[in-house]
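Have a look at this one before I ask anything.
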């Protein structure tokens, strides 16, 4: 990285990365532990001519983001668990209407008001399943500020590429941790711009007619073309349809554009995987502890490896199955009751070799917590 | 059944069963295809001295239900997908504060506005994971009106027994179908009353201190005892706590009271399972088609069987694993992209023998749809 | 049991059972937590005309016991870890010279002085391997006072049957716990008397010439016959030998008389084993917690079973392999770092399914400790 | 080796190596076949200003060694089986109090007085499990005098590095055999000196507070600092503690400092292992016969290999598992009833491929004995 060295909170890094990626609209309602994102955005957006709106709640926040995106803005909101629950209806609307946008959830302990100031990774399954109806979603995460920067840029890029909302799932530790980060120089990271239609004004524009490569060019709403946008099943003009064939096509389009791109969307880091007998799978702040224990045991000659997931959804079932094939044990390290462990079990051939190292008491999971699970699955007890 | 014969819509049956179970408060906002529940309740509740309130939206609806329940009422609301998304925050609050209540979701096609007038079973995973944070939930369903009656009564009973919100997941076919039902005579079905504290006024009442049997006696809010209710992690007095031990204890209490009772909560019907080589697993209206094909093939001497799930969550992994142990193929029949099929794969020892027979185009799945899948997995092609 | 109801400490029960089995000589040096055995024996032996000697240390104690046994007495000593270490040389002598006697080790936390007043099961491997040279040993244990009574009687019987020292491995919890026990009426339990030679005085008596059934009749030392007793390899007269054939024969005789009788010596209790998917293996006080968790989970429909070992050595490898064949997981519950878990791994076909639930901090292992391991090996994390 | 050529008995080599490693205190009681160690030390120690004491028995011998070590000496004792049994209590004290010292056991036939003048390897398991309570131990061995020299130096070095007693397990053949050895020049082999505290007099010294690298600096007892040493569980000042957390921490410290260093402690030699289909595992004098048969068969083109263990405890389970992974048969060659064969079975994935070639009749195991076992497992009978 050739850019500028900074010492920032994760929440601030997220904002800087969003700006790097082209953010020019933010609407949100503050909630711990995501509030610094609103705060920092409120200071930074006006400096570059972007718009920041403090909304009355989370429902209006996501709706404002959807509207702004339709008019051509790169738009983001940030919240934590309770606000994310309130955004579920809007999130589904953005999927169905294929509106690019980024929603940050800095996870705290849940359910309900839960533990506002403590970390957890309890909203992973909600990010996947929180809105009603069959659907798919992209959700990304990171374990350190340098990765957080590039993953945030990725989130904006994927939102544009796939015309879909993208969820950034950080956790309180990452959000509030201060560490070194190099802000990349402009041009160093790829920034994907909005794909706009080349259809001229006055000519029929089909907002839901994919190009040959599957992408759907957009037209800034309120601009050159008039078209319909709806949460109902719809045809290529955006008008409602109840034709079973049309419905079947649309739901598969919405799901497949993401699920079939799983290998392109997949972001993960691998450590010592080549000859690993015990593979840890982790993500977010928990992956820091996982890496620590892997390096500690490698130093003792034990063959541990780590897969750090940076994309959680779509879940890369096939890739994980392959990477874990030779492992005797797979330990998922996460701060919840095993939400990614479920997917790993669905992915791999011998689900009985999947174990869970976790904490759900608002305390960051430590290498010692992982070591204790390791001992038990090795049959070594306490 | 010795009761009164009736010919009703599923939505009406649900209301009659709720009244049988003791419903005396309803708050809701109408949405297709659940609206007849509001309608019928509005007519019936005043007749027995209960309260019906038409609310301004779904958020206020679930909040009113929570408040009413706290004051001692048996309370219910009903909605469909979009409204259910809006209720997710309130649902989490009810879990955390342990408020008994019943939420009906008459499923239509989603995501978003989707397909208001067509059936689907697309909200199954949302019922499980829709609110943020680790949690557990009870969700029940039925495939015919007689079962719908008793399952609705079960829902109210379980809400009281486990002090938890219970979700009734019907689908548009069941909601709008009219068929014969015998309304049981009073006393014929067990009705579980609110467990109230025996602690006298003026004595300390601990709203979150379980009895020896794990149940938490309630005290009508606004009545004899003053106590705190919060969505935050809390102690036995209901006051907020950030003690890791307390948090760990509470989240496990909330999850375990449901997951550890999976065998007691489990509701399912079995057809021809004893010697079945091919086991179908289905639920809701789809189970009607599944049963049809099983009986059709049995008549030809083929060893098919059916498990009709009436409880979807907590998912009975162990029981399903056992029932499917001898099967060569397991076919999950549902009207979504395989939401229960995921759980069946997680449950059974050889997930590679699980197949999916489904529709997601707003059309009811037929025996022919299932037969086509059957042919293919038997290697007989189309 | 038709006998007399009593409410006793485990240490007292051990003494009563020893008296029932014919104890008439005790030599020992007091050590916590076994001291009540010395105390109670000192009071009781004189009442029946037996001899109690307080020795200067544990080495002299076991030597006095060996000498008394040779003269025809049923002899016992009791100690705890440090004393048991000091007795190892004498124990080996008793094996080599085939002297029946009973050594009680009421286990406390070790190594060294360790934790005199707290329970552990840390001397299990020492009982097997503590003295030098290839050898075999019988070691028995019990989890409650009724079993402790009959197992103590068994210990005396086996000492006579196999002409060998027998170790009773109790733990501090059992030793100090007071609970109900029914002292069996005389004759209710079998008591094996010393097998004495029928060879007349003046005729050659071969102290180490086995009968056809493998047993070696004894002659009270100092009585009718004169013969040699040594810790060296010896012939049938008891005289030293360095003949490789003789040596090979004797070491195999010493080992095989015990190892080949493993099924006759084996004492174990089985709970819910028939259809168990998860088999717990435990012994001594730890088995009380193991049984508790098994019954608790059975009530929830989970297929757990328990093997409570009452004989630890010779370890019944084949029987354990058979009983665990259908189990998916085997959890050894013990208060050490996995000493019996090693044997279970050696015994069963798939050692990778053996896990350890243990404590080594001087605190009695609880059902909760076992539950936590259960959760992890089921992949359910905390 | 650039040192001085000598022709010595193994027992003498052991003494020369101990002196090389810094031995300056010896206390012992003579016993065949270790007596030449006492004899040679008695002659050699006074020459360098060290102290030799002939004690009244083996208990006082190990206690004197412990005391001398505490005052800052490098201390050793030597014995054979019966004496080693008597030393078990003291050995546990040295572990618990973390006293560096070296105990030599020149193995003869056991149990009991056994076979004083003949070889065996029957005390291997006793070295591991002979003292009461959970613990760990380092035990080393060698098959020839050159290795015996460097392994003896290793023993002293490890005793200092890990602050623990180290057992040297030779056998009668090695002890009494005379062969060529090159005494290394000073400085040629690394000698690890006592790690002494840098804490000044008058400042609090914590005898049981590990440095960052896990090592515990010592202070010569009776010197600058006053501190407590006990066999009880203790805190960082050496004072007794019954805190479960402290106990759990200490037992794991004692065990983990050794078990977690298994790869650093491991000493082994490999012969022809790369493509070996049949792997022999042996140690001590038996490894001489094992190497002979391997070389003999290699000359005929048969793919045999040998692992000669020089460290027996902590047993290198993972390393052995890896080295034997490709082998079709593993034959453990030892002079006992299979004590190391047990560990090999515990270590490797397919224990059914482990066989035992042994003798227990006081006669040295020959290549022919091994060949006979080889024929049988190759299906070629006698």
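Labels for the chains are A, B, C and D, by order of writing; each one numbers its residues from 1.
Here, a contact is a pair of C-beta atoms (placed from the backbone, for glycine too) under 8 Å apart; a residue touches a chain by one contact, two chains touch by 3 or more.
Which chain is which protein? Per UniProt: A, B, C, D = PorC1 protein.
Predicted model, so just to flag it, every value in this text is computed and none were measured.
Engineer: Kindly list the shared contact partners of subunit C and subunit D, in label order.
Structural biologist: A
Engineer: Can you compute the centre-to-centre distance for subunit A and subunit B, using the mean CA position of each chain? Integer Å is fine.
Structural biologist: The computed centroid separation for subunit A versus subunit B comes out at 30 Å.
Engineer: State, to the nearest whole Å, the distance from the C-alpha centre of subunit A to the C-alpha centre of subunit C.
Structural biologist: Each chain's C-alpha centroid was found; their separation is 60 Å.
Engineer: What is the distance in Å between the mean C-alpha positions of subunit A and subunit D?
Structural biologist: 55
Engineer: Round to the nearest whole Å and give the separation of the Cα centres of subunit B and subunit D.
Structural biologist: Using C-alpha averages as centres, the distance is 65 Å.
Engineer: Note the residues in subunit C that touch 2 or more other chains, in rising order.
Structural biologist: Expected reply: 337, 345, 360-361, 382.
Engineer: Chain adjacency by touch: line, ring, star, complete or other shape?
Structural biologist: Topology of the interface graph: other, matching no listed pattern.
Engineer: Which pairs of chains touch each other?
Structural biologist: Touch list across chains, by label: A-B, A-C, A-D, B-C, C-D.
Engineer: Once bound in the complex, which stretches of subunit C touch subunit B?
Structural biologist: That would be residues 300-302, 382 of subunit C.
Engineer: Which of the residues in subunit C come into contact with subunit D in the complex?
Structural biologist: Residues 59, 81-82, 84-86, 88-89, 92-93, 95-97, 109-118, 120, 122-123, 125-126, 128-135, 230-233, 242, 244-245, 247-248, 251-252, 254-255, 336-337, 339, 342, 345-346, 351, 360-363.
Engineer: Within their complex, state which residues of subunit B touch subunit C.
Structural biologist: The touching residues are 248, 260-261, 263, 318-319.
Engineer: Can you list the subunit A residues touching subunit C in their complex?
Structural biologist: Result: residues 328, 337-338, 341, 345, 352, 354-361, 373, 376-377, 379-382 of subunit A touch subunit C.
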